[in-house]
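Below you will find the structure I want to go over with you.
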Amino acid sequence: MNRSLLTRLGLYAAIAAPSMLLVATDQPFLIQVAIGTLISAILALAWDILSRTGQVSLGHAAFFGIGGYGSALLTPVLGPVLGWAAGILLCGLVAVLLGAVTLRLRRLYFTIATLSFSLSIQVLILVTPGLTGGSTGIMPPVIAGGSPPLQLLFVTGCLVVAAGVSDVFLGRRFRPAFFMIRNNPELAAASGVPVTRLKILAFAVSGMVAGLAGSCYCGLYGYVIPDDVFTTNWNVLPLAVTVLGGMDTTLGPIVGAVVLRLLEELARQAVGGVGYQVVYGAVIILFIVGLPEGLAGLGRVVLRRFRPPGEGTRIKARLAS
Amino acid sequence: MTGVRVRGCTVAFGGLRAIDDLTLDIPANAVTALIGPNGSGKSTFVNMVSGQIPPRGGQVLLDTDAVTGLRPDRIVHKGLARTYQVPRVPKELTIDEVISVPLLYARSDRPLPGGARSAADLARYCGLRPEVTTRCGRLSVSDLRRLEIARALACRPRVLLLDESMAGLSLEDTDQVIGLVRDIHASGVTVVVIEHVMRIIARLCSHAIVLNQGRLLAEGPPPQVLTMASVREAYLGKGFTL
Amino acid sequence: AAQQQQPIKIGVPLPLTGPLAGGGNQILWGIQYAADEVNEAGGLFGRKIELIVEDTKGEPNTSAGVAAKLTAQDKVDAVVGGFGSTADFALLSALQRSEPIFVHPGSSSVRLEETFGKNDWYYHVYIWDYHRQKAAVNFFKSIPGVKTLAIAFEDKLYGTDGAKFTEQYAKEAGLDVVMKEPFRAGTPDFSPILNRAKGLNPDVLFVIGYSGDNIQVARQAAQLGIKPKLLVTQGAGEKRSDFGPAGDNVVVIDLWSAKQTTPGLAEWVKKAEAKRGAEVVSSAVQGYVAMQTLTDAAKAAGSWDRTKILANLGSMTFDTPYGKVAYTPSEMGGKHQLITEKSMIAVQYKPDGGQEVVWPAEKAAAKITYPAQ
Amino acid sequence: MNRFEASLERAGYGELVVIPQLAIQVSGGEMLVLLGPNGAGKTTALKALVGDVDVGRRALRLDGADLSGTPGWRLAHAGIAFVPDGARCFGTATVHENLRGAFEATHRHADAASRRRLFDRAFDLFPILRQRLDQLAGSMSGGQRQMLAIARALMIQPKVLILDEPTAGLAPKLVEELFEALGRIKTTSGCAIVMAEQNFAAAVSVADHCLVLDEGRPALAGTVEQVRSNEKLRVAYLGL
Amino acid sequence: MTTAVIQAVLLALSMAALYAAVAAGLTLTVGVTRIINFAHGEFVMLGAFLTYWLYTRFGLSPWFGMAASGVALAILSAAVYRGFLARVLKQDEHNQLLATLGLSILILNLAIIAWSPDPRVMQAPPLLPTLNLGGVTVPGNNIAVALVGLILFVAMYAIRNYTRYGTQMRFASDDPTLAAHAGINVDRVFELSFVIGGAAAGVSGGLVALVLYVQPTIGVDLVIRAFAIIALGGLGNIPGALIGSAILALTEGLTSTFVPQGGSWGFGIAFVILLLVLVVRPSGLFGKQAHP
């Protein structure tokens, strides 16, 4: 128990260390890149938490946006701390509602329903200019006085929080139950798991973490329009990041976000202009064909190589005895 | 000890009544066999009692506790556990994790059978040979069946329904599972077994209930029931010998 | 002397992919063309101009990253670029930290003007939203007999702000706004709006959309046989040939046309089109002029001296494809605004497949056909 | 007469080799039962025959024709039918579609009469299927699905029928009838049958040959009589 | 007033036909492979560009363009399938989703490089005469779209229900291993469904060129509508998809025509309706309900 806590703290320190380093060395470009990367990592973690219950969402832009808009609009009213808390709670509330509505949906139906939801929410913002600023957007208070190094530190803090939440849901209490719900909800219910409640809990937590990512994002420059947060990009990005990094892990989405961004920047350097988006698409395809289990899967394979008495050999021994 | 009482329950799929106005008692303090031809409604019975498919009309009682219409997980809390005919567990979970799910979620203060304290104890108790850290994707069918029993036991049930837990098991394995079921029963759990292998029924059960087309066809001690003409005709076949 | 040979590095952040890629690439061509002109003539005080082009994808975070890279890593001498308001908001937020010379070819949201317009290093070429809508209303007023106006606008930032300002100025000008309906950019079906407008029979149907929308409205109106007295759109990069016969008599409000009567323009257009191998459109000129004003100001300064160049940018009059223009203060707090409603034009597509500038009178080569039928 | 010969090397799952080496032969009209405790590798062996698991080397001959390199799906066309364990059916299709689809997949130019004949044979064997023609296979009971799975295999008019625990989950009466029917099928249609089975007592009534697997290795092989008379092995493996 | 309603309904229905045409191929493919193929939208876009070029460069009739696009996209689909999708099909659904997304990004950006992001219009004369009945106008091209869209659907329906491949496709999607045991070449069947889906995408691309402008990004919105349509009707249910597209287009068209600010609302409302339908019927209007 104590030791696992220590390893966890070590892990969080390891996550935070590169950011500290960047801040210390004062690299404005890398700091900007890092901020964006970490925000997509937070969003991807949120997505992954939900996907562990078998709910593959293509609608996380909705929570991203609601979180961002919520905390931006509520901060002037409630102050920064309460404003953010309220914005993120709002996300949780919306997530609970959506979770309840999509509870019975399976696989592709669920995915399409979440996609529809994000499209509908976007329209809702457009048609309520009085409340939400409509299509002309809002001017949220800027985080950390607009200083990128401080913003990076703040976002890193948020990432560590998200990683902690993700770890809680990878713990003994939730991981097996979630996987059982994903794989065979009837079996889960027959094991005493309140399936509905856990599915909605996962939705709420995922929505709130996504909202946290959105709040960070909206607070970066002081101006956002709906088009900027409620777009397909934010629906798709967490999926891409998580699948490339490795699902059902905390490190996977973080590594995925870093690697995806790295690949993009490399492609930009190598190809430049418009062509790099082509490279980007091609790289995604190559990754999936070559590394179906993401980088985390690759990591596991490598680890197994270095740990001689693996599971496979043990079974063989039993058979032969 | 607790028994299950079913009062006038019906489960229909479209026009087909898989359970047809069924009334029966499963005695406490016994290992009861639930047998009947394929499609006679045995699995549906289990689904109904465990809350997966709520009956249309009628009542299901756990002892004196009505559980009709409760959610499956609530019924588990009330003390009824079941296994599945075709075990389908998440491949990526380990034995330990699968058993830990009901240990964590099926709130109850009843003791685990065999003095077990942990998932590993339960796995050993049920005769699972692979290490508890083995992933389920690597288990053979017979191990999966044992795991399914262990998982159900981890619900700390008062009543345990075993849906074809011994189908396809070798003689040796069957013997072991029979021993296991006896032990579970001895620790104070009412057990219902669904099996098509009469050798098992004859050795294990003190009471037998025969379903046919969703209705009760016969009940009584197995030696008696298995020789009834109606049961032979509908279920056992003419060449049947024990 | 070796120092002298170092190229002058200009950062060019633009949306080259993503939804704004169309305009971004046009602007890029204009900037490149202007830089090439200077380089072919021997450069600026013997130094070549080197462009460092970066794709912002039209995304704020990418824009901010690009801005930081250009200023901190590439250490550019000036930045010429930016297109699309939200991304440019992030771009400017990031640039603000190093305050480079920044000539901005392209965003029109007044939020930018209000927030960044007063900086002495910030020079904005493209009109602000209200300029464009003021010009549009001025144009409507110039047509005898126009009393009522129906507005259809794309429901995002561009269209919504446009519709808002248009309605405001139209009311001030005594025009009656009989319809103000949004549509989704890229929608395949404009028949709902067209049918509504048909019932209201306005003197002008004014569409504020992106190029695809403008073309599609004209086309569907023709197919459905709905003939507004005058269909007016705002230029967003589309060409006359895109419309075909459906474009007959459609009027486009724009910043610039190759047909406008500006002294020396015809020659410039001929050269530019030869180089481009295609029509030169308004947004390309935006990029060209942004770059041109910078190089002209630098040339006048005689060396790369930030203070002098900024002073020149603010005080000189530039001879551009728009005519003779200067950076002047604008209404909502901007200090250096190049194009205003005064330089805007209206072009009418003629049934012979050609087009003519019909407004304002001093740039016009033809009279407007109104009503269209 | 059909003759089916197969030999396998290193069949298993990835790095895990379950069957190091195995060879079997069956002739048309004969039945071979594969026996052995759970986890002995019966399923793995059968799957290896039809190319469903990783195999180091696989050689298949049917009537002298070499089918070693033939992909799994073609084996059905060559007359080798496989019924996996677990009563697997096409759950979203109806009973009728399950049967007709299986027939059409292997009989490109068959006439309606032979189709009807095959349908009738399936219904004679399992009358319940006739009553449930329009039920979704996925909603049938475990035993009903098992019947459908066997019927589906018979629709391709196999020369070799490979069955993995076909009686698991079947009522005693049906087990009896199934073995009778398999006996009929092997004699009348000259089909060779390979079957993994736990129910030895029932199987030996129709089986001709017997192969006992233990931990992936053939522990005992021979005719049913030979196995029955081998006291030691009978006790060790069959509990008789 | 009534003519206005009839007019609006007719035009919405012709839009429905366009959406349906785009969804037609996808219903077949999704029904078989269970992949949400995001690249379908880009296939439609490629079909539109091909039809456009064939007309603009060579003066070939859009009828011919549609057919040619169908063939071309069928070939491209086969190449894509063999190139990598076959492998991805064996992986889990997230990977499949991401793979088709990657493909869609790839094709979209290649198209932008090749043809620039600008919209273009095919100035072909209408394929059919315009229908004018008592104040109600239906443009000829919309009629052509409706006709071809319907034909596409009938073709998909026939392939699925009246050919041996239809059953094989369903078997293959249900349980690929078992299907192989039944003698079905699963790989071929998947490829076939993908190729047919691609051909339908190509043809529907031709329709897009007829009534819409041609631009590298047009596929994005269309494919999202197609997903909505498929979910509305029930995955793989072809008549269901037809009705789904009518619901979607009518909601959007009528809201836009008769509700103030409807142009914004319409799109959102259409998707809210999809959500509501799924709440009541989790497998779409005509989808088979989940089975054990």
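Side notes on the structure shown:
In this document, chain identifiers A, B, C, D and E correspond to the written order of the chains, with residue numbering beginning at 1 in each.
One rule holds for everything that comes next: a residue touches a chain if its C-beta (ideal position, glycine included) is under 8 Å from a C-beta of that chain, and two chains touch if they have at least 3 such contacts.
Fair warning: this is a prediction, and the values are worked out from it, not measured in the lab.
Among the remaining chains, those touching subunit B as well as subunit E are A, D. The minimum number of touch steps separating subunit B from subunit C is 2. Of all chains, the one whose Cα centroid sits at the greatest distance from that of subunit B is C. Ranking A-E and B-D by contacting C-beta pairs places A-E first. With centres set at the average Cα position, the gap from subunit D to subunit E is 43 Å. One finds 38 Å separating the Cα centroids of subunit A and subunit C. Taking each chain's centre as the mean of its C-alpha atoms, subunit A lies 48 Å from subunit D.
In subunit D, the residues touching two or more other chains are 16, 39, 139.
Among the residues of subunit B, those in touch with two or more other chains are 138. For subunit C, residues touching at least two other chains, in rising order: 17, 21, 25, 155, 182.
Residues 13, 36-40, 42-44, 85-86, 138, 140-143, 164, 167-173, 196-198, 234-240 of subunit B are the ones touching subunit D in the complex.
Across the complex, subunit C meets subunit A through its residues 16-17, 21, 25, 53, 55, 59-62, 64-65, 67-69, 71-73, 85-86, 89-90, 93-94, 97, 109, 111, 115, 155-157, 159-161, 182. For subunit C in complex with subunit E, the residues that touch the partner chain are 17, 19, 21-22, 25, 152, 155, 181-184, 186-189, 191-193, 195-196, 199, 211-212, 215-216, 219-220, 223-225, 237-238, 242-245. Of all the residues in subunit B, the ones that touch subunit A in their complex are 50-52, 71-73, 76-77, 81-82, 84, 88-93, 97-98, 100-102, 104-107, 129-131, 133-135, 138, 151-152, 154-155. Across the interface of their complex, subunit A is touched by residues 30, 34, 36, 84, 87-88, 91, 93-95, 97-99, 101-110, 112-113, 220, 224, 227-228, 230-231, 235, 261, 264-265, 267-269, 271-272, 274-275, 278-279, 282-284, 287, 290 of subunit E.
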